[in-house]
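Below is the structure I would like to discuss, written out as structure tokens.
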Amino acid sequence: MGLSADVTATFTADGADAFVVDATVEVERGESLVVLGPSGSGKTLLLETVAGFHDHEGVVSLDGEALNGLDPEDRGFGFVFQDYALFPHLTVTENAAYGTRYRDDHRDPDDLLAELGVADLCDRYPPTLSGGEKQRVALARALAVRPKVMLLDEPLAALDVPTRQALRDDLAAVLDDVTAVYVTHNRTTARAVADRIAVMRDGQIVQTGTPEAVFERPASPMVAAFTGSNVIAADALRGVVDVPADAMTAAVRPEHVALVDGTGDGGDLTGEVARSVREDAAHRITVDLDADDPRAELSTGAVADGGDARLSLFVADDPPAPGERVGVSVPPERVTLFAAAE
Amino acid sequence: MGLSADVTATFTADGADAFVVDATVEVERGESLVVLGPSGSGKTLLLETVAGFHDHEGVVSLDGEALNGLDPEDRGFGFVFQDYALFPHLTVTENAAYGTRYRDDHRDPDDLLAELGVADLCDRYPPTLSGGEKQRVALARALAVRPKVMLLDEPLAALDVPTRQALRDDLAAVLDDVTAVYVTHNRTTARAVADRIAVMRDGQIVQTGTPEAVFERPASPMVAAFTGSNVIAADALRGVVDVPADAMTAAVRPEHVALVDGTGDGGDLTGEVARSVREDAAHRITVDLDADDPRAELSTGAVADGGDARLSLFVADDPPAPGERVGVSVPPERVTLFAAAE
Amino acid sequence: DGSAFVVGAATLGSVLLVALGLPLALFVARQQPGLIVQKALNPDVHRVLYLGVYGPLLAALASLLFGVPLARLLADGFPGQQVIESLVDLPLVVPHSVAGIIILFGFGQGGAFPSVSVLGTMTGMVLAMSFVSAPYAVNAAREAFESIDDRLEYASRIHGASRFQTFRRVTAPLAVRGIVTGGVLAWARAVSEFGAVAVVAYTVEFFYLPAGESVRAQHAPVFVYNTYLTGGLEESGAVAFLLLAVSAVIFLIVR
Amino acid sequence: DGSAFVVGAATLGSVLLVALGLPLALFVARQQPGLIVQKALNPDVHRVLYLGVYGPLLAALASLLFGVPLARLLADGFPGQQVIESLVDLPLVVPHSVAGIIILFGFGQGGAFPSVSVLGTMTGMVLAMSFVSAPYAVNAAREAFESIDDRLEYASRIHGASRFQTFRRVTAPLAVRGIVTGGVLAWARAVSEFGAVAVVAYTVEFFYLPAGESVRAQHAPVFVYNTYLTGGLEESGAVAFLLLAVSAVIFLIVR
């Protein structure tokens, strides 16, 4: 049981082709499903359709009971918007308490504001708040109605990095035992929040699974690129992996690729360091592999500039400098092969 | 020599207090200076003031020659905007070539478009392009005039994560030998691009230095929080660091904090795992320290929810589960102490 | 080059400002205070000014009453919307005297409602004024509704408020400024209308509150025109000055 | 509850649509085709329609010529802007007959330019029309300029284009649609003006191209009113129908 949606909806804007969302999502009770996809993939439209904001065909049901046909106010959901959507003419408390008069079973909005650390803002109006504060108030407003399902539309996208991290942690805690659908284009947020992930593209769900499954075994080069895998020409890995004749593209996560000592004599593959960038936890090293026959062009959808035989990997300390020659090991069992470059 | 700006400018919007930008930045020739700050800190206004878009007091000079007093078109700059600012009525080629008729010393826009991987878009109009494509065209337009200084205003902020990473790599390469001022709120981008970083807050520069210096030795709790350090009550570290009586707050980067074996008997500090989140390179573990006297409230400006005695750290493999008790080591030489919580 | 551009624009713009401002200044400067005082004390003029504010107020209220719901529907969008939009905007381009003729054809003798008399009546005057001023009320209210982020209404409904409750607690409070502006615009337009009123209701009988009885008078712009025809420029100028003062007050309310 | 809300709004809205649409429909339905044909073949009517399009065209062009630079300055903002804005918008609330009186005080006998005659002349008619229609041109052009993202102009200038080159290559091409709309709006407003023209230039002499000579005629809305006064409703209806057809064409251009 839980939320189940199998919907088809068509959206038309002036002067643009019609955009069709045609997707099926299932969310178990208490589970958080993250819909991950690039901008323009229809994630937000899907979420709004489930909420009842748009006409659609198909079925939306909760614990076996059909919700389509019901107005949004009768579905028992909570919704957190990317741009907060707080009522500008109401105070923080009035915003948080907005839905409580319509639902008998609700929580005390003051308690929620205190839990979320914004109790001191009670009498302020939304336009005077910072982005992080606004989103906490919006979260309180949604939680106050004890929603049967929480719908969240990129609630962190408009925030600064430190604010985003703090709120992400709180969100992950809040969503722990709530049935939720969470839409984002950020893979780190997706992994932090998700029990399961559905990857969306062009209005359709292209892969669903646990974060582990989606990140480690992407169903297509697009999913691989969007979840942060290296996507390279399969030929470049011929030295380490058994590559069938029809395999065009290979994906491997950067955290599984390792530097090996020496200039390649000990490693499975050799190459030259193109870049070294310090990220939060480690250095991201980009290596141009010495490949005999790299494919000239590889279109992976999300990353046009993915390069043909270029691997990213992480090292914690002492990163090699750009231009240095290095050996690289790729564990064969971590490589996913695709027949076509898509 | 290089670019030097020491400006004061006042901005007024209807119904809001006047916002004053009062900042000094120096950029050596060939150097990339990143201005890092939260939204609303005045980064963009500073950049636009240097470009000549706003009235200001003070001096902007290039290689010792004063530029203030000159119109924007006479300053010899290039500018890349967050929202691209491509001319919607001109084709990609016309956009890229826009400035070439005004500058004798210019580059071939077609070459640039090819270098940036968007040569095939030549005859398209900007509204039909994706975000990443638009920003590559905007980059070509700015580079085509062979700018003496490149000004970049959050060029990656509006992009998806994979698109952002690909373009960030290209940008870092392009800016290698260009004098540039690059504005962002993203610390990873800042570290990838910067030769030096200036941290901005409330219209003022609060710290300037190499990425190493700013990230490892933040000048204030705000800088520490914004660059991703743990900011905690100094008292929580009494076990491992010599804490003077007036020290209120301590900062330490998560990558310097390590887990130690056992439930604390071997470590310097002990605590309980609050969260474990998978990020790209590693797991980010958050530990609530067992502190005798944690300060009840700690306001660090950027992170209201920083927690009083809570440390983040990274582990590559086998992360401990939430609720597990762990030992934590903090190298004393990596800790920065602050007298006041700011 | 830069400043030359601004100077050129300012010069051309100044010509327009002179064309608008100079006659106004001269109009005010050339008034005879004595004549204005005399007109201001004239009970006939009082009635005209009363009617000139009161009639348009009725028209503006009618425009709002029937126009705001329509504006709401237009802001949401519906099939066949374009036809309705055209109909709403049409009065904006109908020549004013033609508007009067149209009203007479529609509601006058032999028109839609034989029991209602419009020629020379208060009903006709308000109808004529509503005809020309309703588009302003509808368009301003519609803009006000459209400027409200859809997501605010989504947020209201998903958290339990019905369509009507959402309108009352979110949409209406946020749109009220724009709706009031639309009402004042419609009021101002009705005050200024001359052609349609002159055709439909040159002189009307209405209940005049200060005197507590029905009296006959003309809509203020008609009265100014009539004074011009019968009394000449000087005298009509004095009346026009008084009417302009009333308009200026309305104008200040609009801003 | 939801549908009741929509039904209620639609009902109230329908009343307004009936008030606007019904008279128009009846007006068209009750015309006598014979009379319309007769009027359509009448050379006097030809002259009136010619003047009714040509005069407003001059006024609209003048409004654009002097109004667009002003709109550009207003969009940029400058100190004291509010006073100028008020002056530009004032004609919108000045009663139409009062506008005519103001023009006469400003530019008529004893006015600013003694050598220019406005009463009963083409100059006066165009002046009166410009006075009432210029705000439409200025406001539409201003909106067009304001809707252009500042950063597009920044991007143009920082990459080497001067203020004027930026205007020519970026601002003007992006604003041209709005400017044209403003011109058409001003044209439509001038075509529909009755009060100010009736006061300033009831009948004017102008060069009539089809005949190659100067002739006398009235502005179309004045002619309709005159026909109503002298020939009655039926006859004025036929003329009004022809004028309305012209207005409808302009209206279609606006949309």
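A, B, C and D label the chains in the order they appear, each numbered from 1.
Here is the rule we use: contacts are C-beta pairs under 8 Å (C-beta built on N, C-alpha and C of every residue); 3 or more make two chains touch, one makes a residue touch a chain.
Source: prediction; values computed, not measured.
Student: Looking at contacts between chains, which pair has the highest count of C-beta pairs?
Tutor: Contact tally peaks for the chain pair C-D.
Student: Averaging over Cα atoms per chain, report the distance between chain B and chain C in Å.
Tutor: Here chain B and chain C have centroids separated by 54 Å.
Student: Roughly how far is chain C from chain D, centre to centre by C-alpha average, rounded to an integer in Å?
Tutor: 17
Student: So the centre of each chain is just the mean of its C-alpha atoms; given that, what is the distance between chain A and chain B in Å?
Tutor: Comparing mean C-alpha positions, chain B is 23 Å from chain A.
Student: By the touch rule stated above, which residues of chain D touch at least two different other chains?
Tutor: 2, 162-163
Student: Which chain A residues sit where two or more other chains touch them?
Tutor: In chain A, 71 touch at least two other chains.
Student: Building nodes from the protein chains and edges from chain pairs that touch, which of line, ring, star, complete or other describes the result?
Tutor: ring
Student: What are all the chain pairs that meet the touch criterion?
Tutor: A-B, A-C, B-D, C-D
Student: Which residues of chain A touch chain B in their complex?
Tutor: Chain A residues touching chain B: 38-40, 117, 130-133, 160-163, 166-170, 172-173, 185-188, 191-192, 211, 225-226, 228, 254-255, 275, 277-282, 284, 286, 302-306, 314, 316.
Student: Name, in rising order, each residue of chain C that touches chain D in their complex.
Tutor: 1-2, 4-6, 8-13, 15-17, 19-27, 30, 63, 65-67, 69-70, 72-73, 84, 86-98, 100-108, 110-112, 127, 130-131, 134, 138, 162-164, 167, 188-189, 191-195, 198-199, 220-222, 224-225, 228, 233, 236-237, 240, 243-244, 247-248, 250-251, 254-255
Student: In their shared complex, at which residues does chain A touch chain C?
Tutor: 48, 51-53, 71-73, 75, 77-79, 81, 83, 85-89, 98-99, 101-103, 138, 141-142, 144-145, 151
Student: Which stretch or stretches of chain C touch chain A in the complex?
Tutor: Those residues of chain C that touch chain A are 149, 151-152, 154-163, 165, 169-170, 173-174.
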